[in-house]
Every structure is written in structure tokens, then in C-alpha cells.
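One chain, chain A, appears in both complexes that follow, with chain B as partner in the first and chain C in the second.
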Partner chain A sequence: MARYIGLRILQTIPVIIGTTFLIYALVFAMPGDPVRAMFGNHPPSEAAMAVIRHEFHLDEPFIMQYLHFLYGALTFDFGKTFQGRAVSDVIATSLPITAQLAFLAIFFEILIGVGLGIIVGVKKGKIFDNFILMSTLVIISIPTFVLGFVCQFLFGVKMRILPTTVGNYVDLYHMLMPALILAGVSVSYVIRLTRSQVRDNMNADYVRTARAKGLDNKTVILKHVLRNSLLPVITYIGADLGALMGGAVVTEAVFNINGIGHQLYSAIAKGEGTLVVSLVTVLVMIYIIANLIVDVLYAVLDPRIRYGKS
Partner chain B sequence: MSKIIPEASETLLDVQNLSIDFDVDKRKVHAVQGVSFTVEAGQKVAIVGESGSGKSTTAHSLINLLPGSGHVTGGSIKLEGREMVGESEKTFVQIRGKKIGLVPQDPMSNLNPVYKIGKQIGEALDANNVDVDHDIVQKVVDGKLEIQHSDDELFLGRNARRKIENEVLKIWLAEAKYNVDEIMQKVPKESQDNLSLRKDLFNILVAAGVSEENASDIHSRIVKLHKSMTVGSSIRIDVIHTLQKFGISESKATQIAHEHIKGSEKVDRIAGLLAEAGLVHAGQRAKQYPHEFSGGMRQRALIAMGLAARPRLLIADEPTSALDVTVQKRILDRINRLTSTLGVAVLFITHDLGLAAEYSDKLIVMHKGRIVESGASLEVLRNPKHPYTKKLMNAAPSLNATRMISESTSQIDKSIQKSFNVFEFENLTKEFKLPGTKKNFKAVDDITFAVQRGKTTAIVGESGSGKSTVANMALGLLKPTSGRILFESTNMDEIMKSKKLSKDFRMKVQPVFQNPYGSLDPLYSLGRAIAEPMEIHGVGNSKSRTARVKELLELVQLPSSIMTRYPNELSGGQRQRIAIARALALNSELILLDEAVSALDVLVQEQILHLLNNLQKELGLTYLFITHDLAVVNIVADEVVVMESGKLVETGKTADIFKNPKQEYTKNLLEAIPGRNLI
Partner chain C sequence: MKKLVTTLSSVALLFVGAITLSGCGGSNSSSSDSIISVYGCEPQQTLVPGNTNETCGGNIINELYDALITYDTDGKVQNEIAESITPSDENKVYDVKIKSGLTFDNGEAITSDSFIKSWNYTAADENAQSNQSFFELIKGYDEVSKENSKVNELSGLQKISDTEFKIELTESSITFPMRLGYSAFYPLPVSAFDANGKLDPNFGEHPIGNGPYKFEAWNHDQDVKLVKSDTYKGDRPSKNAGLDYKIYTGGTEAAYADVQSGALDVLDTVPQTQNKTFQNDPQVQPVIEPSPVYQGLEIPDNLPHFGYDEEGQLRRAAISMAIDRPTIIANIVDGLADVPAGFSPNNPRISGAKAEVKGNDVLKFNSNEAKQKWEQADAISKFDNPHLDIYFNADGGAKSLLEAVANSIKTSLGIESSVKAIPDFKTLLNKEAEHQMDGAFRMGWQPDYPSVENYLQPLYTTNAAKTGSNYSGFANKDFDDLLLKGAAASSIDEANDYFTQAQEFLMKYLPCFPIYDRKQNGVSAIGVKGLTFDWKSMPVYTDITKG
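Then we have the complex of A and B:
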């Protein structure tokens, strides 16, 4: 087991290097001079610009620039924004907010998604099944921002039971609606995935064998159906954690949350290369770590993977 | 094998007029109609029929585990006189495992991959309140639980065995006129308790003053005694008998057994069940996961599971159809012996009449959901009345003593000068690297034989014998490590190097694989699947290809209307016909049949074999037939090559090998053919 985890951690190293390199290359392949862009219509003297270029290693070849960046990233020194604020500071303030939002969303995903998925999967009734399938389809089809605005209007403005925006009030009460909206689409997928997995496993041969042994329905479902059904669901949710952290751009905008998505959006809009690369790098790392956790969890749950067999 | 039906029989299971329906697309399919039969206590009954005959459905209805929309529509199932039709799921939970055990069909899919084998067997013990740990005694005292077999099944535990052996050791020392206390004092303290388990017992005894002669005698007797008692499986009475066999008086043996045997721990019981089912090193095996087990080992685990709670009836649902013949024989022998010892009745479901007859007292033949014939096994076999039974008999390769395919070489056009041998394998060897080590493993080891034109050559062996590796090398998919293959007198190396020659080779040699479900692209219409080889080799235009496809379909006796349909609409046998048609599309000369009929049930198998036979006569084809089933070889092959762990064991004409096998291994393989000695 320890060997497996060690191996998986080693595997993440080339992935991190590869992705950061790609992002770095893409951002710096964008046209225009970032130093000129910093000063807009009133550029300073060439000599001053050269000093700034030197400070940001912009006068060195691309590969050297990347290595400087990689070294900085490893020591959590991502450089400064155009306003002179340390990038690591921006990350430190915005990341916890996004993390809170994402984890709350994941919590709903597990609670509602897995819970309803199991119930629908186990129950044989057609009407309930169709109702759940239809409503998940509706949620999947509506874009997040539309759903967000509708909910803001309904629960915030009309009924006045939940706050419409978050702003500086980062707490459970204010985060409730954005987290639900953020989780919405994923919940629908999780319900569908869990349902089909449970259905398949209910008909699996080994489940019939478990029944033939004399196990009662409850034990069969809890011990044999669930553990096997949740394997792919865990993969989905784990990958989704990464996606939710980075993909909260729209939700953060609708509910005015100063999270990483929000920062990323404005950095792109302003053309702040350093900030964009740094933020994306952080997101990539979160994504990789989330996947690593999923893989390890998967190995714990499925002995076939633990022993390196398919 | 005893075929005696106990005289004072008690009806265990009484099925009357049972009917079962499935709802398929709002249509009712009558899977079982008016089936009646009985199973007496301890009796072995077999239900025989092709797939779709309703035999498995009947069996599953007994424990209310019908798949999908299946439901009993009428009739009665009485278990020990109690009506089960219409009973609640709760009642069936009580019945399953405890009264009726199940050994399912496919060992690969019937174990939960995420739990250890031991745990899965332990569940069967727990679910049925089988008292192994005595930790539930209190619940029984409180009247909350009812225990099954509480008196007669006090199993030998690990510690009990050790203690018993030590006592016996002392008795033997006393018998050899030694002062036991004196000697025991001289034995080192740390080995006094586990003396019988010590490998250096001989040395310890000698050091304590026992003569070398006596010490070696006692040591070897203790080892024998140790092997005769199985932890978790031997019960008190067994141990008493064993001790008596080793010269302990009855009263003393009874005293020892009663003093020490008070039931085994669950781990020991699980190991005992696995050992009963024929698994070696059962204690360690129980800690492994299913994926670390071979098919045969998994099936043994499933047998242990089915018998864990000592049911009165065991349903064995085609328990060996996914296994090799030799493994099949061992597994069925084991089920047979175990159930006979335990007095468990068996309901054996199979499509092979030979197997059924060999392992049952009574035969029930089912066809399209009805019973067409039933009676004492040998009676039915010797004197089949219903035409369907006769058909099954003719189809069962195990019962077929005569060769179906006559040697026919006259069809080959002599005017075309061609080499006599299509393939020649010379000192063929293939080595693989064992993963994780630097060792090489010889999958094929120095094999020499030839495949004659217009004849059928069969390569026979168990899984792991290297027969499929030979097939892959013959197809040019693997390169031999040493030795060479000649195809029509040209070296395969040269053929594979030259684009033109290899293209030509691919036209002449075509494979048909075992799994007809996996070897057809589900998105290709059948016509397109058959025409694909012609497209690849640029033969004809689309019009002539369509004509050829029609011709091929006629050859394999399928309607040409099937062209526009897709693989999922066909049965296994029909798909295999399509695969054969595809192999013939390029006027190929040699067809390599890799277990091509192994996955089919006997009737379909027979049809395909006949088809192959006719095609050979008509087209002068050469077959290289890879199989584990000697029974099939007997009816199709002219030449046989027997392989075992990569080596060639024996080769020669089929008739010679079958009449007069020279090697022990071949004899064993022949012995494994079910029902061979019945007629």
C-alpha cells in the first residue's frame, strides 16, 4: 500500500512539470509586451523598462524564465502582481473562500447525489425513478448563471429566506445558496451515476450469490452493492472537487464571492500574465492532489488496484 | 461410485406443475411450463437441457432468486413438506444457505472482488447462525436464536489439535516404556506446548533421552496424525475415529476428544470449509482476494460457500462449464464426494448429458420449458425414449465414441502442385519474461509437428499448456524465440518480412476465436463484417462482394436476409457461423479454430462441428483445432497433438491416441472425459 502511494506521488511530478510548462508557454506566447502593458499609454524610458525586464527575468530566454518560475513556485514565491501585491498573498486570501464553497458543494453532492442515487437505484418503482431522472435532466440543461439568478430572485428577493450575495460575509449561511447552485449540475450527474451503478450491481452475479448464502436484503445492499457501486462515484466526485475549485468562476461572479475563480477572471481581463499562470498552477495542483487522494482511496476500496492488477 | 438410492427415502423437495413467466417488452414468455419432479433426501438429481430450456430458471425459482421480471405463475414448490410458492422474501432469506445452498455457474463473476475469500465464506456462516465461535450461545439461551447443527458439528480448532497431538505424543512415549514426566521435564520450556508442531521434534526427543529409533517412529506417526485432522473441518466423531486408527483405545480417544474439542474459531472453520472443497493451504488462501485465485480455485471457494451452513439441498448450476476438463472432473468429484459424506441432496444443472449421468441418480431432461423425459440416470442413458433426449445424446461429445469426420483427402485437386504439409513446426520454442523477475518462462518448449493439407490437426491441452501460444505463432502474431515455422515450405520469418508474402499469408490463413460475442464488431452489420476481409484485400467490387457474402451465408446455412442485421440480434451459435463465414471469405486454405466451439452448448456445438465437417469436404480446407476438450477432438480430428506445460506429450492419429494412449498425461486427459465409462 505504502509503495502504491509512493508510486502515485512520484507520478504526479512529471504531470505538474508538464502542465505548468504548458500554461506558462501559452500565457507568454500571447502577443504584446507585458512590461509595456503594465504602464498603458505612458511608457517609461527604455532604461527603466530594461530594469523591470531584468527584475522579472523577461530578458532571459523562455526556458530560463520558466525555470525561474518553477523555482519560485516550489518555494511558494509566485512573484508580484502589477499593483505590487504578492501573488502568494492573493492566493492566500482567495483560496480558503473558494475551498469553503467547493467543499460545501461536495458535501451536497455526496448527501443529495449519492443518497438519492442509492434510493432510486434500489427502489423498483417507475414513477419515482422517472421523476428523479426528469428533474436531474432539467437541472443539467439550465446554465448555472440562469439557475443562480432565478434562485437569487426567488429565495433572496421574493421569499427573503437566503441572502442574495456573499461579498465579505464568508459564512455557512451566506454560502448555502451558491454552494447548492455550484453543486446542482454535479448532483444530477452523481444521482444518475450512482443509480445506474446500483442498478447494475443489484443484478450482478456476486450479489445473487450473496443472497443465496442467506444474507438479508439490508446486508446485501450495504455490504455488497454499495461498496462496489460507489467506486466510480468516488472517482467522479474527486475529479469534480478539482473542477469545482477552478470552475466556480461563474458562480463566484453571480454571488460576488472573492474566491480564486473571481481573481482568475479579473486577472485574465487585465492581462496579468504572472497572476494568471500562478492561479492556474495552484488550481492544477489542487486538481492533481484531489486525483491523488481519489486514487489512494480507490486502492483502499478495491484490492485489485492495490495489487497492481486490472 | 455408488448409485444406490436410499430405500427409506424422505421427500425433501416436491415440485408440482411449476410454471414461470418472464415479461419481455409487455409480452409474456413462458420459460417453465408445468414442471413436476421430486428430490429425496440425499438424492442426486440432474436437470439436463440446452440453454433456454428453463433448467436454470427452475433451479433459481426454488430459492426465489429469479432474474429480472421472472415470476412463478402457478404450481407448487414444497420444501420438507412446506409450501414455498407465495412465501415472503423473509422466509426465503431463512431458507437460503441454511436449507438450500447454491454453487453458481461462472466462478469469475460470482465472488465479490473487493472482499477476501475468507470473509465471504464467513458471511455464509454468520447469516445462517452456524455456531462456530460459541459467541452467540447466550442469544440461544435467551431464546433469541435458533442454532443449526449444534451438537454434531463441534469442529476441531487449531489449539485443540495441538493439545490432542501432545496428549497422543505422551501416550506413545508411555507405550514405549518411557517415564513421560521425566522426559517432558527435559524438553525445553518454550517447546513443551507445541511439541507436535516442531520440525525438530526428533532432535528434541533424542536430547530428552528417547532412543533414536523410537524418536523417529513417534515423529513420523505424529506427522501422519497431524495430516489426518483438518482444523475447522474434522468434527469430534472424526477425531475419535482417527485417534483409534492411530492405536488409541476408544475410551481414551473419546475422553481426549471430549476434553479438547469444543468448537473451532471462525477462521479455522472457514479454512476447514475451504479444505473440504479441495483447496490446499486453505488457511492462507482465505486471506486472499478473488483476483488472486484461478477459476478452479474460485469454484472451490463457491462450493465451500454453498455448503458452509450444511444445507439439505445443494443446487449446482453448471458449476464447471467455465472450466477445463481436468479441473471439471476434480471439482465435480469433490462436490459428489462431499455431498455424499454430508448426506446433502444435489440438484445438478447441466447441458451435458454425459456429465449428468455420471454424477446423478436421477435425470430430468428439459426442453423449451417442459420436462420431456425423466428417470434413473443409467436407464435414461441406455434407453432414451424421447427424440430430444436422443438428440442430446448424439450431441454430447463425451458420449460420442464414433468419429464424425471421415478422413477425406480425395477432394484436393491433385493438379495444383502444393506442399503436402500446410504448416511445419520445427523445434518451436517461445519464452516469456516473468513480470518482476529476470527469469524466463518457457511457454512453448521444443515442439515439432506438421499440419497436413486437407486434414484436421488438433492441439489439446489444459489452460497454460502453451497451445494458444502455438496458435499465435502460427498466425504470425508472436515470434518464436527459437526454432522455425514453415508455411507451405516458406519460412514464416521471410513471409512476415515481405509485404506481398505476408498479405498472401493473411488471405490463406484465417482464425475463428472462442468468444463469438467478442469477435464481431457490434457496430458492423453482419454483411459488412463478412465482407470486411475482402475490402481489406481489395477483392472484387461492392456488387461482387455482396454476391459473395450471400454465397458464404448459404455455405454456413444462414438466410441471406441476415446481412443487414447486427451481432446482438444473434445467438452464440449463429455468431460463430458468421465468424466462420468471415474466415472463408477470402477462399482461405487453413482455418485456425481457437476453442471455437468451447463456449457453445452441446447441441449448437454439434451443429457447428457438422458444418465444419461439410465445409472441409466441400472446400478441402485444412483445420488447426485448438481445444481443451478431448471429447470434441475425438469426433473431428485426424491428428492429435497433446501438450502439457509447453511440451509436446504425444502426437499421432486420433484413433491410435484414443485407443492406445502411451503417456500417463494423455491417459489422465482421456479419463477426465465425463461419461466415457458409462456406455
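Then we have the complex of A and C:
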């Protein structure tokens, strides 16, 4: 197992080099001069702009810029932003915020998604089942920002039971609504996924055997059905963690959460290659680690899956 | 299985625990009554006046610093730190005397050196400060801004004593004292510079100012905190205990919701999505005032048929008269703008602004006359290019406006016109600066000082094609002369007469078509008092109170 994990981590190296190279090339290919763009109607002299270009290596060819970045990354110096902040500092302040949001969302996915999924999977065809199916369909079809604005207005402005935005109050109370909105679509998928898996397994032979042995309903469902139903759900949630970390731009904007999604968006808008690549590298690593955890969980869930032996 | 469930839930609990724990610090800091929370955005650069050329940082810098002068509500110059500013030699030399007894927050006295050192630093190339070009009028600028220049001091700045210095300009400028209100000209404490005249690299993270507020803290992407300065002796002392700029990274919508719920006191720009509703929203207090900003359209002269010859003049007048401005204002900006009367907004706070400029019929919608002029132009040379493209930057909000303009042109003149997107503002700006545009494009103008001159000189003079924002290719010696005469005039009133003549002159050529004069719309939370805007549409923060 340890060997397997070690190999998987080693595999991340070419993946990261490949992605950073691609991203850097894409940022480099973006039209417009990022230095000229800093200055609107009153650009300083060409010589002054040359000083800035030189400072950020923007006067060098693409491959040199990329090598500067790689060399810096190897010595844990990710460079600095146009504003003058260390890139590592930007990541250190924005990543924890996004992580809290994403993990809270994942928590709701597991709690609500798997929980409701089991219930409606067992009670198929009942009114409750139909109700859940309908409401998940509704949530899936509403764009996140609409859901976000409506809930913000309803619970934040009208009823005043939850804060309207997060801003510098990064705590459970302020994160509750954004996390629920962010989790909304995924929760719906998890419910539907769990429901169909549970339902399939309820009809399987081993369930009949278990019941024939005289096990009670609760034990049958939690110990046998659920365990076998969770494999695809875990896969989905694992992949979703990566998506939630990098793709929460909309939710972050609606609720003014100053996380990594916004940093990435504004870095792209400003053409800040170094910051974009550093942020993407972090996201790629999170994605890889999340997938690794999922793979390891497979083995826990299904004893037939064993890693490390060829 | 049980084991897995417990593991999962304990992991989840851990996360929740972590979130709750880390949150404790934040929720304790309930704002004291007289600290005003205001909308803010993350400054592009650290808080150095000479390096701040955008509103996010400018909003904060303005409260941290006082300049030599300030403006009253009629756009007239009032001395602030200056005791007197006396012009001589046809407005080419200015003698500045400084009030004594004024200090920075660290106790250092404000002297001639506070200005000279700061200005020299901003003007020198090697420091790459974004407001460098504001010093181009001062003698010696060419020497310090030359490539690989060894000169680091403006020869036009001459210290006479601790409270007096002389500024020598390369050309006459009657509006020069007006420009001194811009952040590029703020003083900096001498102690912030080292022996070689270099600014402390960390200064922008902890700026030391001389304004009504003192810098307290800056948590990047979260907030900037200022407190009332206890050493301030200037003319605009604060009526509140401090400002908390809450930084909104995703635009103003979230801030508007915060004002509605009372979590934010002041938002100086209402999001477009609330344009229709904010005036009747019982959960906010709306404020609407004239602004110095207008929106227009430009057509470069290298576009065939749109030169500044007779044909081009007719076509330009036709396009301008084809634009149905009242309908566009009613539908696109929900009536929150005025039909322009000239090349500057009709705003009483702008020196020289006029409610009517002779010849401004060409800025009024008249589809019949537009059609006639277009046909007259066709008689000179047939319009063989069936398309008039209008470019916009897709990352700005101007698409609907320009679509309406294109529709107007189509309906009035019967030619094809449509909008085309350019990915972002920086690409658009590059193309404009390199004169590569093969169609019309949007322009919006926010002046640096409240004079009509600033709506004309940087946009339409021959020289501004090289150094300013003249992207329409307009170059006319008679027009340049009017501005030069204004700059050398013996009084502001005389100068403004020349600037009015210059505006009238432009009506014939129309290098730009003003479309609407924007109004500034802000909201404050219920219970907040005293929100008004200054000439550049920034809130007068020092007057805001609550509780």
C-alpha cells in the first residue's frame, strides 16, 4: 500500500510539469500587454514600463519565463504579484478560505446527499421519493448564481437570519449559506446516485441471503447495501472536491468570499502568468491528492481491490 | 462498515470544528458605532500616492493625504497645505509657500522637501511609478524619463526655504495649480526615503500620511482600516472615528446586499442590476449626483471615409445625429444620465463646464438631418464599406450600450452596423494606442482635475496622440492653439473662454461623439447620515456619521 501511494505521488511530478507548462503557454498567448494594461489613460514612460517588464521577466522569451518559474518553484520561491505581494502569501491566505468552503460543502454532500439517498433508495416509489426526485431536478436546473442571489435576498436581506456575505468573517455561521448553495447541485447528484445504487443492491442476491440469515433491516442496509453502494458515490465526491476548490468562482463572488477562485479569475484578467500557474499548480495537487484518497478508500470499501501487488 | 462511517463523520466534525475555531476571531470584532464601514476593492499596487492610479487604491489614499490644494463645490481651487501659489512668467513659473505647523502622522513637519523628494521619486524612470507622467509639465522631466537616464531630480523644482519652493514648467499652464490636487502630487515624509532617494519598500503596506485619517491595518483582499488622525489640523476633519474599507472581490452586487441588510454602511456605486430599484428600495438610502464621467464613441481617422476632410465631417455629424441619446439613456442606464451638451459633462463642479455649447445641434438626435448629411457625403464619395463595426471590451459592461448605438445608426442611416467584442480592456487599449482599430470604439473619460481643459487637452491635441489618450487621430493646429492660449491666459475665466471656443471648434470635426453624461449613484444603510460626493464622485467620507 505504502509503495503504491509512493508511486502515485511520484506520478504527480510529470503531471505538474505538464500542466504548468501548458498553462504558462496559454497565459503567455493571451493578447495584450499586461504592463501597459496597468496604466489606463496615463502610462508612464516607456523606460519606466521597461523597468517593470524586466522585474517580472516579461521582456524575456516564453521558455525563459517558464524556466524562471520552475527554478523559483524548486527553491520554494513562487515570485511575487504585480502588487508586490509574495505569491506564496496570496495562496496561504486564500487557500484556507476556499478549503473551508469546499470541505463544508463536501460535508453537506455526505450528510444530506448520502443520507437522503439511502432513505429514498429504500422507500422507492413513495411520495417522499417522488418529492426528492422532483426537488433535486429543480436544484440541478437552476444556475448557482440565481440560487445564490435568491437565498441571499430571502435569508439575508428579508428574513435576516443568516449573514448576506462572508468578507472577513470566515466562520461556520457566515459560511453556512454559501456552502449549502455550493453543495446544492452536487448534493442533488449524490442523492440520485446513492438512490439508484441502493435500489440496485436491494434486489441483489446477497441481500436476500442476509435477510434469510435473519439479519434485521437496519444491519442489512447499513452493513451490506450501503457499503456496496458507496463506490461510485465516493468517486463522485472525490472528483467534486477538486471541482469545488477551483470552480467556486461564482459562489465566491455572490457571497464575497476571498478565496482561490477569485484570485485565479483576477490573475487571468490581469495576465499575471506566475500567479495563475502557481494557483493552478496548487489546484492540480489538490485534485491529485483527492483522487488518491478516493483510490485508497476503494480498497477499504471493497476488500477485493488490493493495491501494490502486480 | 461502522468503522468507515465513524471515520467519515469524525473527519467531517474536525473540519467543522476547525471552521468554528478559526471563526472566533472574526465575529468578536463588532464595529463600534462611529467607525463607518465603506465599500472598498483591493488596490492594484501598495498604498504609495505616486504609484496609485486607480480608484480602489485612490479611494483610500485620498483620505490618508492632503494635497497643496483642494476644490470647493464650484470647481474652484482652495489652498490646503499651500499658503499661496503665485504664478509668474505667463503661468510658467509657480511660487509655492507652505503653511507652517502642519505635520505627518509620525510627527514629522511638512516642508518643501516633503514635496520635492516625493515628486522626484515619482518622476524618475528607475522607480517605475505609475503616476510618472503627471510630472511631464515640469522642467527636467525629459531628462529624468529618458532611457538609462542618470538624472534623478527634476531641474524645475527648486527649494527656496523649508516653507517655500519654486516650480518651473516647460510651457504655460493656468490649470497647473488645479492639477496639484491629484494624488501624484501628495507629499511624503522625508524619513521614508533613504540616502539615495529610494522609498522604503514597505512604505506602501504601512503608509504614513498627513490627511484626516491615519492608516491602521491592511488585510489583503479583506479590509483596510483607517482611524481618525489626532494630529490633523487641515480643513476637512472627520466627523466619524474611522473608516473600515471592506474589500469586495466579486463586484458591487454582494456589497449592495450588505447595505440592505445593514452589514455595510456606504456603497458608492450602485450595481447595474439595481439601477431600476434602488431609488424605491426601503432598505437603503439612495444618493444621486452629477459625475465628471461621460461615455462616448470614437471613430479613428484612418477608417476610410472618416477622415477630418469635408466628407468625413459630414459623415461624423451624420453618425452623431443618428444616435437616439434620450431613448438610449432611458433604456440602457434607466434614466440615470443626461444628454451631453458638449465635450465635458454639464457639471457645476467642473471649471468651465457649460450647459450649452454653440453648435451642439450635432449632439442632438435628428434622424432626418443625419440622413441628409450622410447623402451629401455620399455625393462626395460613395460609402463602399457597407459595415460600421463598433468595438467593445468584453470584460467591461458596455455591450448593451453599444448595441443600442449600433441599432440607432442602422435605423437612422440605413447602413449596417454591429458590435464586435475584443477579449479585454487591455487588448482594446493596446489596439487603440497602436492605431489598429478598423471600426468605431467606446470611450469613457474620467478627468484628473476639474477643468474642461482636462476633457480636451489629453484627448484631442496633436501632442496627445503620442503621450496622451488621443486615439481618434485628430490633429489640428488651430485647436491646439486655442488650448495653448487658454493655458497662458491671465485668469481662469479668460482661460475658460478659450476652452469653450475649443469645444465649439470640435463640434465641426467630432473626433468623439459624447453619448451620455453619467450620474453617480450611491446608497447608504438605514441610519447612516451625510453621504455626498465630491467632484470626482468619491464619497466625502469625512462627513459621514451614524448612530
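Assume the second predicted complex is superposed on the first by the 262 of 310 C-alpha atoms of A that agree within 3 Å, B and C clash if a C-alpha of one lies under 4 Å from a C-alpha of the other, contacts with A are read in each partner's own complex, and residues count from 1 in each chain.
The rule is short, and it goes like this: a residue touches a chain if its C-beta (ideal position, glycine included) is under 8 Å from a C-beta of that chain, and two chains touch if they have at least 3 such contacts.
Note that the structure is a prediction, hence the values are computed from the model and not measured.
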- Tell me which partner A:Pro143 touches in the superposition: chain B (first), chain C (second), both or neither. neither
- Query: A:Gly6 contacts which: chain B (first), chain C (second), both, neither?
  - Reply: neither
- Give one of first, second, both or neither to describe whether A:Gly115 is in contact with chain B, with chain C, with both, or with none. neither
- For A:Asp216, select first, second, both or neither according to whether it touches chain B, chain C, the two together, or no partner. first
- Would you sort A:Asp205 into first (chain B), second (chain C), both or neither based on which partner it touches? first
- So, does A:Met49 touch the first partner chain B, the second partner chain C, both, or neither? second
- Applying the touch criterion given at the start, work out whether A:Asp302 contacts chain B, chain C, both or neither, answering first, second, both or neither. first
- Task: Scan A:Asn168 for contacts with chain B and chain C and give back first, second, both or neither.
- Result: second
- Message: Just checking: does A:Arg227 make contact with chain B only, chain C only, both, or neither of them? Give me first, second, both or neither.
- Response: both
- By residue count, is chain A touched more by chain B or by chain C? C
- Message: Show me the chain A residues, by the header's touch rule, that chain B contacts in one structure and chain C contacts in the other.
- Response: 223, 227, 301
- Message: Under the definition above, what is the set of chain B residues touching chain A in their complex?
- Response: 63, 65, 67-68, 89-90, 93-98, 101-102, 104, 106, 109-114, 116, 123-124, 127-128, 289, 291-292, 302, 305-306, 308-309
- Task: Flag every residue of chain C that touches chain A in the complex, lowest number first.
- Result: 1-2, 4-5, 8, 12, 15-16, 18-20, 22-24, 26-27, 42-46, 53-54, 125-134, 145-149, 204, 219-223, 246-251, 253-255, 257-258, 260-261, 263, 283, 395, 423-427, 429-430, 433, 445, 448, 458, 468-469
- Can you name the residues of chain A that touch chain B in the complex? 203-206, 208-217, 219, 223-224, 227-228, 301-304, 307, 309
- Report the residues of chain A in contact with chain C in the complex, numbered from low to high. 30-34, 36-52, 55, 82-85, 89-90, 93-94, 96, 100, 103-104, 106-107, 110-111, 149, 152-153, 156-157, 160, 163-165, 167-175, 222-223, 226-227, 252-256, 258, 262-263, 266, 269, 271, 300-301
